[in-house]
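Okay, structure first, notes after.
Chain naming follows the written order as A, B and C, and within any one chain the residues start at number 1.
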Amino acid sequence: MTLQIGELAARLGLRLQGDPRVVVSHIAQLDRAGPQSLSFLGDPSYRAHLATTGAAAVILRESDAAASPVPALISDNPYLAFARAAQLLHPEPEVIGGIHPSAVIDPSARIDPTAWIGPLTVIEARVVVGPGVFIGPGCILGEGVEIGAASRLVARVTLCAGTKVGQRALIHPGAVIGRAGFGFAKDGECWVRIPQIGRAVLGDDVEIGANTTVDRGTIGDTIIGNGVKLDNHIQIGHNVVIGEHTAIAANTGISGSTRIGRNCTLAGAVGMAGHLEIGDNVHFTGMAMVTRSFKEPGVYSSGIPAMPNRDWRRNVARFKQLDELARRIKQLELSLAAMNSTHNPRGS
Amino acid sequence: MTLQIGELAARLGLRLQGDPRVVVSHIAQLDRAGPQSLSFLGDPSYRAHLATTGAAAVILRESDAAASPVPALISDNPYLAFARAAQLLHPEPEVIGGIHPSAVIDPSARIDPTAWIGPLTVIEARVVVGPGVFIGPGCILGEGVEIGAASRLVARVTLCAGTKVGQRALIHPGAVIGRAGFGFAKDGECWVRIPQIGRAVLGDDVEIGANTTVDRGTIGDTIIGNGVKLDNHIQIGHNVVIGEHTAIAANTGISGSTRIGRNCTLAGAVGMAGHLEIGDNVHFTGMAMVTRSFKEPGVYSSGIPAMPNRDWRRNVARFKQLDELARRIKQLELSLAAMNSTHNPRGS
Amino acid sequence: MTLQIGELAARLGLRLQGDPRVVVSHIAQLDRAGPQSLSFLGDPSYRAHLATTGAAAVILRESDAAASPVPALISDNPYLAFARAAQLLHPEPEVIGGIHPSAVIDPSARIDPTAWIGPLTVIEARVVVGPGVFIGPGCILGEGVEIGAASRLVARVTLCAGTKVGQRALIHPGAVIGRAGFGFAKDGECWVRIPQIGRAVLGDDVEIGANTTVDRGTIGDTIIGNGVKLDNHIQIGHNVVIGEHTAIAANTGISGSTRIGRNCTLAGAVGMAGHLEIGDNVHFTGMAMVTRSFKEPGVYSSGIPAMPNRDWRRNVARFKQLDELARRIKQLELSLAAMNSTHNPRGS
């Protein structure tokens, strides 16, 4: 979309420095920007690129405004203002209501006339699709699924029976929401499946990444709070509860019945055991192995960063002796204390 | 389904305490149970909920029976009895034979008339589908696939050419069984693909989770034994063999040609190198890094549990010095021994 | 396919020992080979199987030729020669141009008449499909996707809008290429999505495994170089660049904007932070946790291999004390030095 920066400033509530009639049509990086491109300067380490930028306009802080060779939009948080400007310049395509003739729709489904149902999508009995919803090609909505207004299923999303999605969700291809999770009782050698009768319930403004899975609850629901963002390849086990605005990066797995608070972040490939309680504002770094509850806000970590293989081999061999090494240190301390008391019987 | 508890007791072989005409229609947790709900008391830590439960009936141990305020079904293994009762109360929907008109079926496929083929499913040449099989919407069955009686493909399952599935399988959306795995020979800088001519062969009563992948064998087959249960996002490499009743939790990866015994459990996100031999009754805890064979039954573990980031940074820095620290301990021991022999030449 | 070994030798440029009219039709392992099977001897540890092999012919080194009881094809690199022979014996099925009537094709798409478009595939506006391309059942090609000659999408591949695939690609079921990646700015508690306007661009001879995801670039492209091979369940974040002929095993995740050089290998379940620079010829072992750039060629590793749970518990407890243990070693060294200087004031 093409916008004059005067209008952009008005819509985002930013102060404008320069000609309001300058036109921008797309976003670009400061050092690769061309005509009609809008860029931003947030991180001070990119300041050197400002003087030579080819951008039509730049979003930046007050303190950088004087140095800008091109019109500037002034913001205390240039990155956020840039995100909002980018959404205006690159909006999702408008949803035009309708149903592709190749879609297979159960007559009992209630589909809002302003929603779009894409080609080769399957909609089963009693599904409810809200206004302005976009359902891309190849999706499957099982019996009784409900989707709130303005949600977007990009393509090939599977919502298993009973799944409930709030408003303005964004769900990427390959996601599987609400499958019956991994619950068994043992009978001798055999595993006996426990029926999973709960649902997967997603709040508003939730994002689910490509090939991510959210299992339904065993009894009661798996709950993904408002504003939660999940990246690709994430596993959310049955009866997990994730608090509002928590964001989780790719390849992370959360085992069943764990509860995560609000405003948490989990970096990539975190593994979390089941039945844990994670408080609000808790942050885990990448590949953290979470085996106990963490209720206090803070940053938690684990794992051994990569090192040259030769060093690693030596250190890992010692890790296996670590308890023994610790005992030897204790023994050395005792021996030394004994020697000291022998040589300095009244202390030094 | 609605059942009188007298009938439930009879079908499960449990002793009944209370009125056999009491009706249950669904399962519930002890502390959230309402009318017509069946609950259970297994873990003694939930015993406090028994007195106030709203359940219509409870499955519990003999020793808890006297304390039950509601009718009780007595079992030595309440969790297992509850699983079986839950299967009776919440059965899978009955499969009604037929083929949805939108399915694309090769004329050479042999589909039992009691099997259901869902909408927008593709069935290629020479596929064989057994009696009572349920194939949900959007599945793809490649050339020559065979599926045994009463198996269930929930939706959007891909069975690549030649895959063989036993009876009573349960396969969840997004699973990909039998793709040609990751096998290459190096030619200078380039990788030359080695054709993968084996199959993926699943036994009876196998469960495959959402978005899980099982690669076909290179030469010979990848074999998933009877009763094996795989959770979501699992990778099974070519020519892996998994013994009967082994269960594997989400995000685990098993590299090519590794053989795992029967009755093993792998918790989530375990990584296993290729060409290993894992015995029967071997158990790995979450995120274990398995780089050698483990033939003896037992529990094996690895990984560093998460801790406050500040502590982790300090300890990780020391890990990189671990071999050096161990050498310094040895040196201290030698020095101390030398000092001791100097001061106590004939020993103490 | 059936071939005389004389022809095989000629086509692969190998020296033949024995009757050129011997016929082979498939590959097999040395110890399980039967009539018409071609086997190979690479790893010397399998040499014992040579004498008793049932193979019709064997590929082996000059030094093993005298010991072969059957006709032999002589190669300095038997494994590579075997891979090439296997490709001749087990070719991909020939692609016959056409479009299955159940496919949904936008009229603005340009599809080469020698390409095959499988059943229930969706092809959106302005897609370009090159000659000899095979697109299996259930694929989705978003707006403006381009696919080069002779590429193969096995089944149910999703190429999101704008994705570009080179020639001779092989993409497995469940792969999702070019979805809008995980990019947000924070607004108080809320996450504001940053439109992702770049593309995912795959070079020639690229392989993408089942359920693997490659996110499009935020601004600029995510680039997968020529000859790159990705296994299953891999996550490639936005703006990642992977150099030519790099191979990555299953369950690995690469965070946004990381650049990996050429001829690298990443074993399974490696995790890589964002914005790193990995040089050429860098190799990571399985489950390595990569938190910094590695520019020098070499092998890098991390992680703790599995051990008996009891030992692990003890050692992990000590890991949490590691910094303290190191300080105690330092203190012991100082104490010992002080004692030595007291007892040997002029040194020993």
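For the reader, a short list of remarks on this structure follows.
Convention: a residue touches a chain if its C-beta (ideal position, glycine included) is under 8 Å from a C-beta of that chain, and two chains touch if they have at least 3 such contacts.
Just so you know, these numbers come straight off a predicted model, no measurement behind them.
One rotation lays the C-alpha atoms of subunit A on subunit B, and its angle is 120 degrees to the nearest 5.
Residues touching across the subunit B and subunit C pair largely diverge in numbering: under half of the numbers involved belong to both copies. Distance between chain centres (mean CA atoms), subunit B to subunit C: 26 Å.
Residue positions 120, 138, 156, 174, 211, 233, 251, 269, 303-305, 307, 319, 322, 325, 329, 332, 336, 339, 343 of subunit A each touch two or more of the other chains.
On the subunit A side of its complex with subunit B, the touching residues are 104, 120, 122, 124, 138, 140, 142, 156, 158, 160, 174, 176, 179-180, 182, 184-187, 189-195, 197, 211, 213, 215, 219-220, 233, 235, 237, 251, 253, 255, 269, 271, 273, 284-285, 288-292, 294, 298-305, 307, 311, 314-315, 317-319, 321-322, 325, 328-329, 332, 335-336, 339, 342-343.
For subunit C in complex with subunit B, the residues that touch the partner chain are 26-29, 32, 77, 79-80, 82-84, 86-87, 89-90, 100, 102, 118-120, 136-138, 154-156, 170, 172-174, 205, 207, 209-211, 227, 229, 231-233, 244-245, 247, 249-251, 262-263, 268-269, 286-287, 303-309, 312-313, 316, 319-320, 322-323, 325-326, 329, 332-333, 336, 339-340, 343.
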